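Chain naming follows the written order as A, B, C and D, and within any one chain the residues start at number 1.
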Amino acid sequence: TPVLAEDLKIAMDQIFQKMDPHNSNYNVDYSVASGVLERLITFDANMKLVPQLATEWEGSDDAKTFTFKLREGVTFHDGTPFDAAAVKANFDRLADQSQNLAKNSLFKVVDTVETPDDYTVVLNLKEPFGAMINTVAHPSVVIHSPKALEELDVQKNPVGTGPFIFKEWIPGERVVLEKNDDYWDSEWPKVDTVTFYPVTESATRVSMLLSDEVQFVHVLPAELSERVENDDSAEVLEVPGITVWTASLNMLKDKFKDQRVRRAFNLAVDQEAFIDVVYSGHGVVPDSPIAPDTRFYESQGAFGTDLEEARALMKEAGHEDGFDVEIWGINNSTGVRMLQFLQQQLSQINVRAKIVPMEGATRSEKLFSSVDPETAEFDMVMGGWSPSTGDADWHLRPVYATEGWVPKIYNMAFYSNETVDQAIADALNTGDADARAEAYATAQKQIWEDAPAVWLAIENKMAGRKKGLSGVFQMPDGTMQYAKAEYQN
Amino acid sequence: MLNYFLRRLAAMVPVLFLISIFVFLFIHALPGDPARLLAGETATQAEVESIRRALNLDQPLIWQYVDFVANLVTLDLGNSLRTGEPVSQMIARAFWPTFWLSICALVWSVLFGLVAGVISAVRRGSPGDHAGMFLAVSGISMPNFWLGLLLMQYFSVHLGWLGTSGFDEPSDLILPSLTLGAGVAAVMARFTRSAVIDVAREDFIRTARAKGLRERIVIWKHALRNALIPVVTMAGLQFGFLLGGSIVVEKVFRWPGLGSLLLDAINFRDYAVVQSEIMLFSLQFLLINLAVDMLYGFINPAIRYK
Amino acid sequence: MNAEHLLKIEDLDIRFGKESAEMRAVKKLNLHVNRGETVAIVGESGSGKSVTALSVMRLVEFGGGQIAGGKISFRKRDDSVIDIGSLGPEDARLMRGDDIAMIFQEPMTSLNPVFTIGDQIVEAVMTHQAKSRSAARATALETLEKVRIPDAAQVMKRHPHQLSGGMRQRVMIAMALSCRPQLLIADEPTTALDVTIQAQILRLIRELQDEEGMAVLFITHDMGVVAEIADRVVVMYRGEKVEEGDVETIFAAPQHPYTKALLGAVPCLGSMKGTDSPEPFVIPGQEVAATEVVPAEAIDYSADPLLSVRGLTTRFDIGEGLFGRVTKRVHAVEHLDLDIWPGETLGLVGESGCGKSTTGRSILQLVDATSDRLTFGGEDMTRLSASSLQKLRRQVQFVFQDPYASLNPRLTVGYSIAEPMLLHGLETKQNAFDKAVWLLEEVGLSADHANRYPHAFSGGQRQRIAIARALGTDPKLIIADEAVSALDVSVQAQVINLMMDLQKRFGLAYLFISHDMAVVERISHRVAVMYLGQIVESGPRRAVFENAQHAYTQRLMAAAPVPDPAVRRRDMRMITGEVPSPVRPIGQPPVINTMDEVAPGHLVAREQARTVDAA
Amino acid sequence: MTNSTDPAIAMPTRIERTARSPFAEFRRRFATRYGSMAAGVFLLLLLLGGVLAPWILPFGPDQFDYKNTLDGPSMLHWAGTDEFGRDIFARILNGAKLSMFIGFVSVTIGAVIGILAGLLAGYYGGWLDSITMRISDVLFAFPGILLAIGIVAILGAGLTNVIIAVAVFSVPAFARIVRSGTLGLKESTYVEAARAAGASNSIIMFRHILPGVLGAVIVYFTMRIGTSILTATSLSFIGLGVEPSIAEWGAMLATGREYMLAGEWHLTFFPGLAIFLTVLCFNILGDGLRDALDPKLDDH
């Protein structure tokens, strides 16, 4: 067995955009930052909330005031002490609309940030927002050194409290981090340096892992997992994901106004086969609009595949001979495979699908910038949503609430149901977990009933890792963590 | 000739100017909204708007063009929309890896192509000639990624002789330049072969033989020099291409070059970077083609430029 | 092999083409050359002379031919005898250039266009002689000067396309001689040389023979040259040797009918003494036909000339350095005046490189030239639109000095001949093809040849193809640039008779550029003598030939070889000293000649002081 | 001047044997290149197979079978199956028409335009040359991927659009190749002779110069066919997949690439082989054409 270095090298699947998660929407950026910049609250491997820079937290019943007790004895890499003022500086920054930060939207509800003492921070919201704790745990809500915020361009030079100190970033090539000897948790870190490489080509990523140039590969396409598994020195990590892939049905179009048609579509598609073809079997059939690992998930029972019934429903709806649909998708290989699969499956109920894979930028323009609900050309759109807060709110609201209609957020079905909207609002109005669970259960049930989309799959998140390495793993939301990296020799 | 050279140099300015207009219009006509792309698919519209304001993308097009040209003239090139880094710095960083890669690829492939081409021409119809054709056709019909991954699997993963990817040391050049050059070598070989066959029967080749020159010299000096024009044309074309960075090879080998930079920039509609890169490519092409044109005159003195 | 034999060819068979379409170019040829001896091969155009020479060099196989039978033996310097036919490629190579050197028939295409003249000769020297580069340069320069290339040092830096036909031929000669071979094969080495230089070259060859015992296999059609230089003569006809003997015997008592015909057709300078108008050749066996021609109409010199040229000037820039900065200029044609009347032949003679071909090309506006006047049939050619110029070119046809290069290698010769007719819409396609075949036959080739490509012909055959092409469009004027120089005298006579016949019947005019004084005497109405880009003497043929005034004209007359071995002029003086050159630094144009009319129509340039000339 | 419609130098009788036109000559010469003929026949057969595939094969190109995805080659599936369980051999044969069409048509369009541009530029020189060549410089400098995105975005991800893109991109290369040959040939004596004989510029360009540069053009053409069949491959590599469900060799290669490392070699191998054979045949065919254009090679 090869001798493993005390350096950790990681290949990521995308190029890095910004070193400042406040201003990024990309998982890679969050992942890289997670060892340098810490959050008040974070997730464990199963998306359960765990303390990081906050030791305790609580929300008021009206879901308008949230209080965080901070960890003491922590200093930033630049020597600035970590305290309530530092947190306030960051929260204010996030809430400040004039900063034009990408993640400003998460903190739009914040009214004021108070610091009753050095280690307590209180968030006062403008309106009730039951998902605030999970929002604060969002991977983008990190705490920069206030000094760095003032003096440095944190997009390029992040200074945090994490176990690793940012050293250099050569865009397109690598990011290098160094061990923080003064980390507040004296047990960590256990590796000397961490280097991240953006490697967009998955085969190259895997090759790097196999030739021990990197010890961890984040985002391992299912097709390649076998290759890693077959290698003696490497292992495949697989966790259930929280990204739900759907084909939204444009409910403003006549053909999809009929619930029978939408149900028929769900029944016609064989989700098991979909997972086999698209993810080489590494996925889960959805049985709710949100994934099992998302907070407040409630199973609704999978649709299953029943061609007979699907045909019957179509006939009932007067579409025995089917109709033409245009399906928009993503033009990467997985996206193209999804489209082809869907096309073939729908042909079984006589639906003739024209599939349109779109280049990323074109898709974003057509779908998210200039789209007008009334005149949208598409009949169906493929898409996947992952709630990075791990909370049902940040899945149900953007994808199924009326306020989420594209281009605003991600409701590509133009689905609008009062019950659902109400339930989502109710859940936000309270800080009480039980009440929220109940509201979300109602919403999930209603959405499942209405079937505004064909639910296709929840892909497992896979990663490749050298044997002997621990503490580096991928998260269900698509990010990864490495703060507790350690080699066992 | 000097005159011609200077005139061609001067003519580049308006050409580049036209290119700048063309490029600008083309890029802005492409669908895709940089603000939206930067924000990401799962961003809300409000997030997108704030990014748009931050990047001045809400200004009228004509001003954006004026900015672009002003940047070009001052060689400042502006900042990347995506990272905010100065474009000139990004290009300067990506230029050399691509430059070395193209030089290596070009050198081996042209040399190899020439030798293989000449040998097949001399042995026209022999098994060697057929083998050459076989190789050349393989070279051209093998997609770059295929060859690249194959080489990587064998030399890096299996044998462990070379690094898989990235550009940290000179040996990292080997696999990517092999991959990149394969197609060029194939075309060069076929081209050289054809050109040498064309001249091999000329009277002056007979004269060269009559002098008692070694067959090597007859072929490599007398025949090849006459056959060189199409070959140099091809090499010039390929070099121009290579200097633009091969997206596929750079992607497979994680090469920090212009091709990768361009791909990212296009994907994110990073206008400033795309425009500047294309201007750079244009300039390179103009220069290479000028050089090739001047070379014609040296290779064949009967070609005159007025 | 006999001890004196240097080269011995026995029963040589040479074939071309695949088995199905085989062509036997040489059949059962026997031949030998002794040490120090000069053997001339004469023979009909296309009879296999060049091919024989190529097979001795072992070069014929590179041109698609093969030695199908027989033996070629050669005695090396160390007295060992080798069988050339069975040499391996490397031994054959070592022999080439060192033991045997060859001057090729077509100098225009035989030089590599991309290397300078100097490099090409130096390379030949260095291949076989252990000389340093600079020593080889010196040798090259010396040899070039010996073959009287003007401004040799400068010409070394030039490329072949910048030289005249004769200059290229001399470069080829220099290249072969610089190797100092034991056997020199000279295939029509003087076709493009004026007689003064020709004499010089022959003299040079003889000197080398005397000095080093070099043997020469001399292929030529010029019986004057044969008489001048050969010890023995071999006559070839249709791929076979038909006669062989001492030069005196052959000339005195030819045996074979072909030899007789050949000698009967030899034009002889001075044979036209006392006549004003040209006369066709008398071809043995065809006397009746040849004399039974339409009586020549007298040329009406009071009418407007067909072609009128005044002040024609063509200069070429010579660039130097990396970017080709122009420092010097070739004054190829300087202020040239010419008139040609319908039905008239104007013979243009002059030293090699004096600008004859350039004159022709300038008249047709194929090169950039300036002129005070350039009219054809009353039309100002310089003012014509591109399309009218193109139409006018039907009436002026040009036979290029280099027939091989002037034929498109990718077109069959039949098509090449038919093309001008088709271009001008003179004939339907089928008719044009038929007429092409007919023309081929008229110039002594056969219908079979129509579908062959230029590379499969002999030098003389290509020349005739070029003539046939020019005749196709029914032109008014033909500029014939050394058009018959590679033809054996019998074919030459036939072709010239054809040309004269057409002239009489249809009033064709010729600008006949040639160095063969006897031929020029025979066919010209008027003659112009050119020297360094300018006309130095012009006038009616009789006046110029019988009363040459200018020194250069006189030299030409004197240097013309006499086809009689009895009157060899072995003692002729070698011209030495600076060779006058048309290359001048920029801003120093040559002095324009002043012409005096010494007799009606007979103009002679006032002699310039030599110093002016050389400046 | 005499009446020029009446040919003066008249031919006495009709001649029995006559000359052949260059084209007839070319046909005659090509007819003896058996290897090339065989290659041509193979291509035709492939094309025919492609046309007849729906009738002669047990599988359709779009016949899904989720039970048998990614099977290796077997007696039933000669070239194995892909990730949808489609028979790869059936897809290859059905894709023959399309791939050969993309390869051939697009390059032909590019070649025709390129040849014209190159001839004109090289022959006339001057401003025409400058303009043509600078346009081609721009086209060259313009990254193919950008143009592809543009075309696909504006015209849609159709096959014809790919063809247009490939065609546009081969124009400059052809133009440069032809131009360079033209520059040399236009100074040759036989071109001068043709001009002296009264040939118009177009005749000179097309009859005297073009055949001389055609050798190089043919070589590039046959090689370029390979490149253009692979266009779809490179496009989808950089994330610009086009018409995914259509059986087309380039696209098949592209999708197969995902499975390459996983050991499913047949997904890329067989389409690759098809491309290789096709390009090889085009090359052999091209060599024959090239040789037929060069009379000096006749005697071998």
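Here is the rule we go by: a residue touches a chain if its C-beta (ideal position, glycine included) is under 8 Å from a C-beta of that chain, and two chains touch if they have at least 3 such contacts.
Computed from a predicted structure; not experimentally measured.
> Using C-alpha centroids, which chain lies at the maximum separation from subunit C?
Checked the centroid distances; the maximum from subunit C is A.
> Contact counts by the stated rule: is the higher one at B-C or A-B?
Between B-C and A-B, the larger count of C-beta pairs in contact belongs to A-B.
> Report, in whole Å, the distance between the mean C-alpha point of subunit B and the mean C-alpha point of subunit C.
50
> Could you state the distance in Å from the CA-based centre of subunit A to that of subunit B?
39
> How far is the middle of subunit A from the middle of subunit D, if each middle is the mean of its Cα atoms, in Å?
Computed from C-alpha means, the inter-chain centre distance equals 47 Å.
> Return the distance between the CA-based centres of subunit A and subunit C, expressed in whole Å.
The mean C-alpha positions of subunit A and subunit C differ by 88 Å.
> What residues in subunit C touch two or more of the other chains?
161, 455
> By the touch rule stated above, which residues of subunit D touch at least two different other chains?
149, 153, 187-188, 239, 257, 260-261, 294, 296, 300
> By the touch rule stated above, which residues of subunit A touch at least two different other chains?
Residues 203, 207, 359-362 of subunit A touch two or more partner chains.
> Can you name every chain pair that touches?
Contact pairs between chains: A-B, A-D, B-C, B-D, C-D.
> Hey, which residues of subunit C end up touching subunit D in the complex?
Spelled out, the residues of subunit C in touch with subunit D are 16-18, 64, 108, 161, 361, 364, 366, 377, 386-387, 390-395, 397-398, 400, 402, 405-412, 414-415, 417-420, 423-424, 426-427, 429-430, 433-438, 441, 447-448, 450-451, 453, 455, 469, 471-474, 476, 502, 505-507.
> Inside the complex, what are the residues of subunit B that reach subunit C?
Counting only subunit B, the residues touching subunit C are 1-2, 5, 201-215, 222, 225-226, 297, 299-302.
> Can you check the complex and tell me which residues of subunit B touch subunit D?
Interface residues on subunit B, with respect to subunit D: 8, 11, 15, 18-19, 22-23, 26-27, 29-32, 124-125, 133-134, 136-138, 140-146, 149, 153, 183, 186-187, 190-191, 193-195, 197-198, 201, 229-230, 232-234, 236-237, 240-241, 244, 247-248, 251, 262-263, 266-267, 274, 277-278, 281-282, 284-286, 289, 296, 300, 302-306.
> If we count contacts the way the header does, which residues on subunit A are in touch with subunit D in the complex?
202-203, 206-207, 221, 223-224, 226-227, 270, 273, 276-277, 331-333, 335-337, 339-341, 343-344, 355-357, 359-362
> Could you please specify the touching residues of subunit C with respect to subunit B in the complex?
Subunit C residues touching subunit B: 54, 57, 59, 62-63, 89, 93-98, 101-102, 104, 106, 109-115, 123-124, 127-128, 159, 161-162, 172, 175, 179, 319, 323-325, 404, 455.
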